[in-house]
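The chains carry the letters A, B, C and D, assigned in the order they are written, with residues numbered from 1 in each.
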Amino acid sequence: MKIDPFKELNPPTKDGYWINKKTKERFGGAYISSLLVPNLKRVEKGFFKAIKDKKFMKELNEELETFIGVNTPIHFSPELTKLAGGEKKGKIFLKRTDLHTNHSHKPVSAYSCCKLAKYLGFKKILTETGAFQNGRAVASACAALGLDLDIYVGANDAKKLAINKDISALHGANIIEVHDSTKSLLPAMAAALRAFQSEPDSMYVVGSVAGPHPYPLMVRTFGSVIGRITKKQFKNLVGKDPSTIFSVCGGGSNMLCISYPYLKTKSTKIYAVESAGKGLKTGKHGATIGGGGKMGILLGMQSKVLLDGENIAESFTEASGLDFSSIGTEVAFLHSIGRIKFLTATDLEAKKTFMMMARKIGLICAIEACYVIHAAIKEIRKIGKPKQNHLIHLCGAGEPNVAQMMEFMKKNK
Amino acid sequence: MKIDPFKELNPPTKDGYWINKKTKERFGGAYISSLLVPNLKRVEKGFFKAIKDKKFMKELNEELETFIGVNTPIHFSPELTKLAGGEKKGKIFLKRTDLHTNHSHKPVSAYSCCKLAKYLGFKKILTETGAFQNGRAVASACAALGLDLDIYVGANDAKKLAINKDISALHGANIIEVHDSTKSLLPAMAAALRAFQSEPDSMYVVGSVAGPHPYPLMVRTFGSVIGRITKKQFKNLVGKDPSTIFSVCGGGSNMLCISYPYLKTKSTKIYAVESAGKGLKTGKHGATIGGGGKMGILLGMQSKVLLDGENIAESFTEASGLDFSSIGTEVAFLHSIGRIKFLTATDLEAKKTFMMMARKIGLICAIEACYVIHAAIKEIRKIGKPKQNHLIHLCGAGEPNVAQMMEFMKKNK
Amino acid sequence: MSKLNNLFRNLKKNKKSAFVGFVTTGDPNYASSKAIMKEMTKYCQIIEAGVAFSTSTSDSPIIMEANDRAIKSGMNLDKTFKLVKEVIVETKTDTCFILMTYLNPIVVYGIKKFINMSKSVGIAGLIIVDSNLNSPEEKLLLKGLTKKGIGYTKIISPTNSEKFIQQSIRNTKNSFIYITTYAGLTGSKNVNLKNVKKLISKVKKYSKEVPTGVGFGVKTTKHVKQVSKYADAVICGSSIVNKIKVGHEKKFSAKKLAKFIGKYVKTLSAGAR
Amino acid sequence: MSKLNNLFRNLKKNKKSAFVGFVTTGDPNYASSKAIMKEMTKYCQIIEAGVAFSTSTSDSPIIMEANDRAIKSGMNLDKTFKLVKEVIVETKTDTCFILMTYLNPIVVYGIKKFINMSKSVGIAGLIIVDSNLNSPEEKLLLKGLTKKGIGYTKIISPTNSEKFIQQSIRNTKNSFIYITTYAGLTGSKNVNLKNVKKLISKVKKYSKEVPTGVGFGVKTTKHVKQVSKYADAVICGSSIVNKIKVGHEKKFSAKKLAKFIGKYVKTLSAGAR
């Protein structure tokens, strides 16, 4: 299938802000030290040049199609439809992003950003990772493109056994443990940004639609290829746009990747699902919106942030891909203007959904995707109508969660 | 892409034999106890009915497209092309079967056979597995189709840590350890066939193009959907059929799946690559053809077999998917008439190729696929010509091999 | 006239059934197996001697283990022939020896050579578990065996079609047809007498001549007694093989093991009327 | 006239450079930090007091660890204000206090409230690592601070463009402009004098007035001496913070730690001419 060219539907200001005109809230920007300014400028300029460069974009699209495999199918699930109350609540479809190389949406923007780095003459990539989903995606891209790579990972995260960590190493990535603060994703991101400040020949690649301008813009622009293909496919398959799109929201990249082309499609409701961890009331969660995050400035961006006084609160969830105390800037903006509706699901609900998907649907889904499947079924049961068509973003495969889920299965026998 | 309907290009006799008219060798048949005869007849009849049933085939194709994801891309690899001597030796393409649900070619025939079982009213599936590639594929299909499943696995194989074993359990499969003989794949297959004899409401599903008639025929007929799509794609992409197709050969299913539609395409040379294990001369290998296998009767079929006196010799290879003392009946036939050329690669060559693919191509390939990549590059360097186009079947992803390869990497630092 | 035909003619005359004892040759080893078989000739009109095959697709776990013991002890077809020959020569027995095997060993050994060796050591009959009724190998074997007066037994079971039964009767030559008491594995269930009666009457419908042998799940003297009311031969396998395992695990000498099995087979065979 | 302007006017008169010592407030805890800062007032014309922020995007590992120690000991903005105020009141020092912080704490605290509190405790100036030159927050801060006579320092480094430097000079109000001796993290490399001279002359090209503070990699008395030849202020950070870590790990009491750091800072500051 030919990939439709990118169209800018929701441009930020030239300084990278999305502004809610009613509340005057500003999301985005580039809150970084002066020392980082030149590096970011180089990336920003390069990005705008690249997306206008037809040869670059043609090559990129070809590689996304045949190397990453972005042309994944949309699967109608009679079983999920039944679980949500049958066709009188509409039909449920899954977008099979789990079928990408490296098994999640991350490789799309990771590969595109690394390709941009190569185009701009950078020799090395810097990135951060929590559970090595982004780490693996970037490592694969760097190997394919012949770039060196340093992956920053919190020392606590690095201790965990993770197949994607080993795979990153097999790809030749250099893995650097970060011992600051909570020794988890947030300090790892900070460390990667700090390294970016020290290594002008390296380009930073972020794992979500977060960070200083132009990263959120860049990641969703490249990533939106998923949504552009989806939109075309869905129309071919069903004859019209979906009534709803449900995606999980950690930073918000998989959500924006698939929903972006629908931003101006009024008939399509967009839902984002956050992790309520052990329950919103326990305070142990990863729900920036659902858990009452406030405006803050974190990792170079202004967005909604979970705060602990003037410092950043620790998020908590068993889904490492959702363990983040903030959300992407454009996502926070779209929420603030009411374009995206937020829901939550708890860790326990997600794990039960994982088992249901394995047993009844035959798919091993990324635990992250199980939050959205649970919340979507619940919501569709409430709001679904006949002749509607609901699209759930199955944003990743669950191999990294197998050990965790085996334990859950044994305990719940 | 619309899937072309199946066309029979190489029919066996009605008793399931492929006969070499020159040598009079007969490959195939159904060498089973009388007690199995009714069960096999039911499957055989049902299979012929199903493939003529338009509704069944339409549904199956849809599910293969959106659940298994058979519409995987073909990737042109400039890097592999360079490694084989550059474009003066022709271009190298990879068929990305690693992008299927469950990450190998196995799910295509597994899902199709389970779908057939459901169509025929069976309530339960019996299958065998060595390294749980087939086990996982069948477990996923059974979960999706609502069928019970017993997986027979050699007790020694069952002891090995394997992510696909855990995934099979998560799908709800019942895993039965077999303590006979070598406690490996062969006795597990025998055990599954014995169970088939005891449980008339269960259907046996085989993991390759092996076993008694109609299994070899059925598996390649269903599996050939990979080749039918490939043939169309390749023509669209390159403008003509490939000059060569290279696939690895354990039982031969992935090889027949992709090559079958080219059997009558004279301009396309077909290569199969076996595992030479520690080296053909050491006797420790899995190369039925390359290692001088003789005609024998095994697991209900007449084919080439590695023998130890009148008994079956143990095969040896570090690629569990290739650890089989025989090859599929139609494959052995096609070799005997000269249609398929056989090559080998050693375990060490495959492991080095795995590292090369991870480092230079950015892909984590099934170790099984690394035998064919190595042998293909070597062969293309010898026989390649300008303007040729070589197709390598990347038949699976390498997650199950990560632990093994991490050890290799550490030892070879 | 073939050995087996002779046997069944005599049995018929005396209104008796044959007792058939099954063992895997070389289980648990050559010497013990030989001693056991010698002892068994005293009580069995027929000894069904299984050729160990590692990838058996139709045997119960009990017999699979016997195969493993035999293969580990180094058995093969040549040794099986030697063993049977020694037993026959040393005992001068009238007991008929039937080989039970899979096709692979025969095909690899060579069908012609196999038939010749069988003849020369005095094998009376052959059962091949996985020989397809219509396979070319079946045809070659049938021709070769018949020429040498060696019997050929086909197996039928309750789930087989009439047509299959008819052809199985046709392919059974100079021997009994083997009727399984249920559809499943040897030794896995108990005798189902209803099935037996039904199948025997089916066989009789198509052939008045062919003797019937009944096996699968015949484990006690009582079973033997029940089955032998209807069948011309009663076959005991897994239960004898299981006893060999017991004695072997107790580390009995060849002599002691042979006595142990002999005593057991004597009790079982007493059920045959 | 602001405190910092005053200081630099006097220094200029005496042809001297200011010595600036950096600590994270509350490192390793409130009491020790207070004792250390009191002691440092003896040798520092300026104390740069860092507000601990867990997700710093520009500090060296040494300062990251100091942040961790301070956060663990319960520091926040209110306590920082309290601490600085107590030091100023109890020592009656002339030393200027500059807060070094990230934007998040200020934005969450409230920009207006932050400026008022700064004024009321006697803060002389402010450095915000991640405040973008063009951000609305920068504009609000500039306006508010200037109104209250509190200085505002921007940072420039060797890789910044001329345009960026010009605007940084423009945004630097009533304080020195911070020049890093290299592009990288604090404390990660050694002083690069060439860079320093180049950047100072660039700054001078655009402004004769603005005082220059030089930091990053200034770790020894010798460094201080070299840098103070060119700069109006010499900033020592990581090397002092590292000493605090050493003393803390030796479990020094607040008093002993303060003496220990005081002695070290005294030696360093002796380099400033």
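The criterion applied here is as follows: contacts are C-beta pairs under 8 Å (C-beta built on N, C-alpha and C of every residue); 3 or more make two chains touch, one makes a residue touch a chain.
Because the structure is a prediction, the values reported are computed rather than measured.
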Target chain C, source chain B, minimum contact steps | 1
How many Å are there between the centre of chain A and the centre of chain D, using C-alpha atoms for each centre?
-> 38
How far is the middle of chain A from the middle of chain C, if each middle is the mean of its Cα atoms, in Å?
-> 67
Distance between chain centroids, defined by C-alpha means - chain C, chain D (Å) | 97
Can you list the residues of chain C that touch 2 or more other chains?
-> none
Listing every touching pair of chains gives A-B, A-D, B-C
Residues of chain B defined as touching chain C within the complex | 15, 26, 29-39, 41, 179-182, 186-187, 189-190, 193-194, 197-198, 200, 294-300, 302, 305, 307, 309-312
Within the complex, which stretch of chain D touches chain A?
-> 52-59, 61, 64-65, 67-68, 71, 76-77, 102-109, 129-132, 134-137, 154-157, 159-161, 164, 168, 180, 183-185, 188
Parts of chain B lying in touch with chain A, wherever the complex brings them together | 65-67, 69, 71-76, 96, 98-101, 139-146, 163, 166-167, 169-172, 355, 358-364, 399, 402-403, 405-406, 409
